[in-house]
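The following block contains the structure, expressed as structure tokens.
Read from first to last, the chains carry the letters A, B, C and D; within each, the first residue is number 1.
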Amino acid sequence: MTRPPETLDALNAMPASSFVAATGQAFEHAPWVAEAVVNGRPFPTVAALHEAMMQAVRSAPPDRVAAFIGGHPELGSRVKRAELTDHSQAEQGGLGLDRLSAEEFDRFSRLNAAYREKFGFPFIICVRRHTRDSILREFDKRLGNDAATERAAAVNEIGLITRLRLVEAVDGPGKPATTGRLSTHVLDTVSGRPAPGVKITLHEIGASARGLLKETITNADGRTDAPLIGGEPLRVGTYELAFHIGAYFASRKHAIVADPPFLDVVPIRFAIAEPEGHYHVPLLATPWSYTTYRGS
Amino acid sequence: MTRPPETLDALNAMPASSFVAATGQAFEHAPWVAEAVVNGRPFPTVAALHEAMMQAVRSAPPDRVAAFIGGHPELGSRVKRAELTDHSQAEQGGLGLDRLSAEEFDRFSRLNAAYREKFGFPFIICVRRHTRDSILREFDKRLGNDAATERAAAVNEIGLITRLRLVEAVDGPGKPATTGRLSTHVLDTVSGRPAPGVKITLHEIGASARGLLKETITNADGRTDAPLIGGEPLRVGTYELAFHIGAYFASRKHAIVADPPFLDVVPIRFAIAEPEGHYHVPLLATPWSYTTYRGS
Amino acid sequence: MTRPPETLDALNAMPASSFVAATGQAFEHAPWVAEAVVNGRPFPTVAALHEAMMQAVRSAPPDRVAAFIGGHPELGSRVKRAELTDHSQAEQGGLGLDRLSAEEFDRFSRLNAAYREKFGFPFIICVRRHTRDSILREFDKRLGNDAATERAAAVNEIGLITRLRLVEAVDGPGKPATTGRLSTHVLDTVSGRPAPGVKITLHEIGASARGLLKETITNADGRTDAPLIGGEPLRVGTYELAFHIGAYFASRKHAIVADPPFLDVVPIRFAIAEPEGHYHVPLLATPWSYTTYRGS
Amino acid sequence: MTRPPETLDALNAMPASSFVAATGQAFEHAPWVAEAVVNGRPFPTVAALHEAMMQAVRSAPPDRVAAFIGGHPELGSRVKRAELTDHSQAEQGGLGLDRLSAEEFDRFSRLNAAYREKFGFPFIICVRRHTRDSILREFDKRLGNDAATERAAAVNEIGLITRLRLVEAVDGPGKPATTGRLSTHVLDTVSGRPAPGVKITLHEIGASARGLLKETITNADGRTDAPLIGGEPLRVGTYELAFHIGAYFASRKHAIVADPPFLDVVPIRFAIAEPEGHYHVPLLATPWSYTTYRGS
């Protein structure tokens, strides 16, 4: 959205047509959604506003919902890039869906075609909550649905997409949670202290993965100054943290290490399934052992 | 049983009356059990012999089973000690049921009385598989049973008691498992090596517990030369291992320890529920951290 | 100190005699310490003020220092309780030194006498940083010192005592750290979630220990709403946390537990050596395993 | 060695010339080594025989040692393959040094040339104790040595090479340890049981690594039926075990897993530094946490 955020108070007080213009953007090409809730104002929270708008979608006549679903752009369709709204372009671009290899483009095209042939509408998914690998996984899974289940799945994804947009477009109380967080912590259990200066990399891994996402180093508290990922939804997918503890212990006076060290770069491979969750993935390490877990 | 073990081969071949004399001892005051199976010989395994004898018990007329159950001695009944068979005395003696405090004796007496009043027969339990605390726990639990359930429970315990006796009385193939094992292992994860010379104590704990059962020290492989408990059923109950790792790490050149050490004596408290199981309870330790688990 | 805290600004600006009265309280019966630094004002931080006062002590003539040390009350001396300043009484009272058993009183008396005979001045220790057991341990250790080492040790303890008093008596920037913190966290690694509702007790243990210090329960984040100990120095000593994870896992639908459960009450025994440190002692648990460590 | 093993007893008793023929093979082109010890017979152990032969090498005149060292083949030298003794060919072949890529061959050739130029003799290393990566690492490290250190290093490697050959050529008591072992164990700490049916792969990793070495599956005890590597020296190098615990927990009724599972394939990356050591690398796992360590 190119316009600056409105406050919820302002949205509750403005003329109906301004409200439709201001909030309607979250629902592409569907001002009727905003129109359906304008008389429900004032909304006490941003979450209540979004829930009312989704309720309007879910209770709209089937034809209108079908047209609404059908108006969404296809995923990864290069030839259609010019027709994307600014929102959709930014959302799909963040994942590199506009820079697919020929092979990946073909795979997406085949899936799009199969999906459209089976269901008669485009595959809708809240791209910002997914990696390319999890989109392909969802594609495969949802292609097996029956039509009613899949229409509900499409509306559910629209709810996730518009929730993200609304949270960015409206300032006010009671925003729904739309961001996740990935954090870590390195404990040196030889000395019972946080391990500072440990190099950490984070890769997205998988057939279509984006590769290196972050390289950082632990601070004096054994943590990273900023979350490894934060302030946005975590993308469902597989990741690998690599902790360079060999170099760390080599620099400690009292560490008992072998040559080459038993542990050098410790990989922790894990999947994220909850885009709005907090994944704390710490490492408790000696030169000869380690423990990791999903913490909180 | 004071007579030396017979071999299964000998039992299979001897005259019927000798067979009854030799195996009947396992079933106190009930030669009819051995008589019922004598024509089922030869038995291929000790387990098959025992199973046949228990099948004879389970299919005997109710009156005979009731008399058989009723003929068992009461638990912890000092006044009846003189009437115990040698077997029962040894079995109950190992747990100190003949050395109860006045308070414990009263508790056992009250439970025995309540049980006999409700069910009309004495409380039967395979004492060698229990601690005093678990006997009291079973007493409480089984007092809540109905009569049919409890008769089955009594027969089941007779099966456990006689299985132990038969395994000791008969040498041969296919002995049922009647012994458990408790073992440990101490790993020093600062050096990636077993921890030798670590003092370990094992206590039985609880209101009526026997206290210190074992004090030992780890060998060069971080293990104990003999299992902490072995060669007999493990007694259901609560135990505490204490690992003296403070002294161990104080003696290691490179250990980083505080004064006083963060970890000195590490207690691991756990319960045994499977008398014939293997409980391996290791410790992976640094001066600042440890991990324990039921291993195998 | 019964008077309300002064601000550092006020102390820096007030007449010399008021300054001596206000800060001198931290240094019992020794107004000369405050007098020695009054012209060093203004002090930018509370820490700088305290350091200047301690510097005055350390550079005072030996006789004056000796008299200053000698003016401190003896530990645990009931007969002298009436002569304690309000400060000393409150500080020693928190540990129950005014409620010693006859045996403990005798032990303290003997140590006090031996110490005074060897060094000619009373044993000084910052009681608020110690348990009775660690005081006795320090007594034994310091009785072995030579006179010069022990005079320095006494001055060092006076620094710790007065630092605590000054921090309470003066409001202002740059307060030295005088408090520690003990916290915990329970992770259920069966479900990858914090464990809520886990009962936790904290005991001080040892021959002269105070016993139960805290009983609490974990909140939705698996932590305790308040630190187990906080807002004051941690007392050097041995502690035992007990985590009631048996009851927790018994209440979880999918936990695989034995009867009795392998782990019920998990004791974690550890020592605190740094009164101003942060001790985070978490538990990562399943019904069959756990890990603990000094975290941060 | 193509001839069958001799017994130590036979070697101790046979004519001198037969002894030289039988044992001399372990020391390529250097019958003088066997000749030097033939009168030292009988040797009580295979280790004593080998130690005597190495002592003969170490105390031989410098020229003879130099010639002996100089007579060894160059590593990875394709053009010289025809000149290798059967032993050397088998030993170097097991690592694929006869199937080097052009780039690797060039690298080895350059290192060989640099080494020969600096020291005047070929680089000798007990290939069966190394991976290609560790050979290259040793090459780099030893190129920095001075001549005396490196002559000692070459003799030391000859000791390791001949020890392996002698152990295979001679049957008898007191064989020196020449084999290592890599083993694993998977514990399911959700159920407190070994994890059966877990797929495990072992890869050698690194720039010149051999890749997949083993694919296996855990048995009922959570172990592998055979060691992952055993019966030969472990090769110094970097390895990665991958435990497919996602599929395992997906098959367990009570496991609490996400979709996709937080942990699916768990990689454990470690280096082996002791070819004759025992590396036990177990995994204690839930669907949300794991611990690994060098065990014993």
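The rule is simple: a residue touches a chain if its C-beta (ideal position, glycine included) is under 8 Å from a C-beta of that chain, and two chains touch if they have at least 3 such contacts.
Note that the structure is a prediction, hence the values are computed from the model and not measured.
By the document's definition of touch, common neighbours of chain B and chain C comprise A, D. Counting C-beta pairs in contact across A-B and across A-D gives the higher total for A-D.
Placing every chain at the mean of its C-alpha atoms, the farthest one from chain D is found to be C.
For this pair, chain A with chain B, the centres built from the Cα atoms lie 56 Å apart. Chain D has its Cα centroid 47 Å from the Cα centroid of chain A. Each of the following residues of chain C touches two or more other chains: 187, 189, 192, 258, 262, 284, 288-289, 291, 293-294. Residues of chain A touching chain C in their complex: 185, 187, 189, 192-194, 221-222, 284, 291, 293-296.
Every residue of chain C that touches chain D in the complex is listed here, in rising order: 187, 189-192, 254-256, 258, 262, 284, 286-289, 291.
Taken in their complex, chain C has these residues touching chain B: 134, 137, 236, 238, 258-267, 269-271, 273-274, 288-294.
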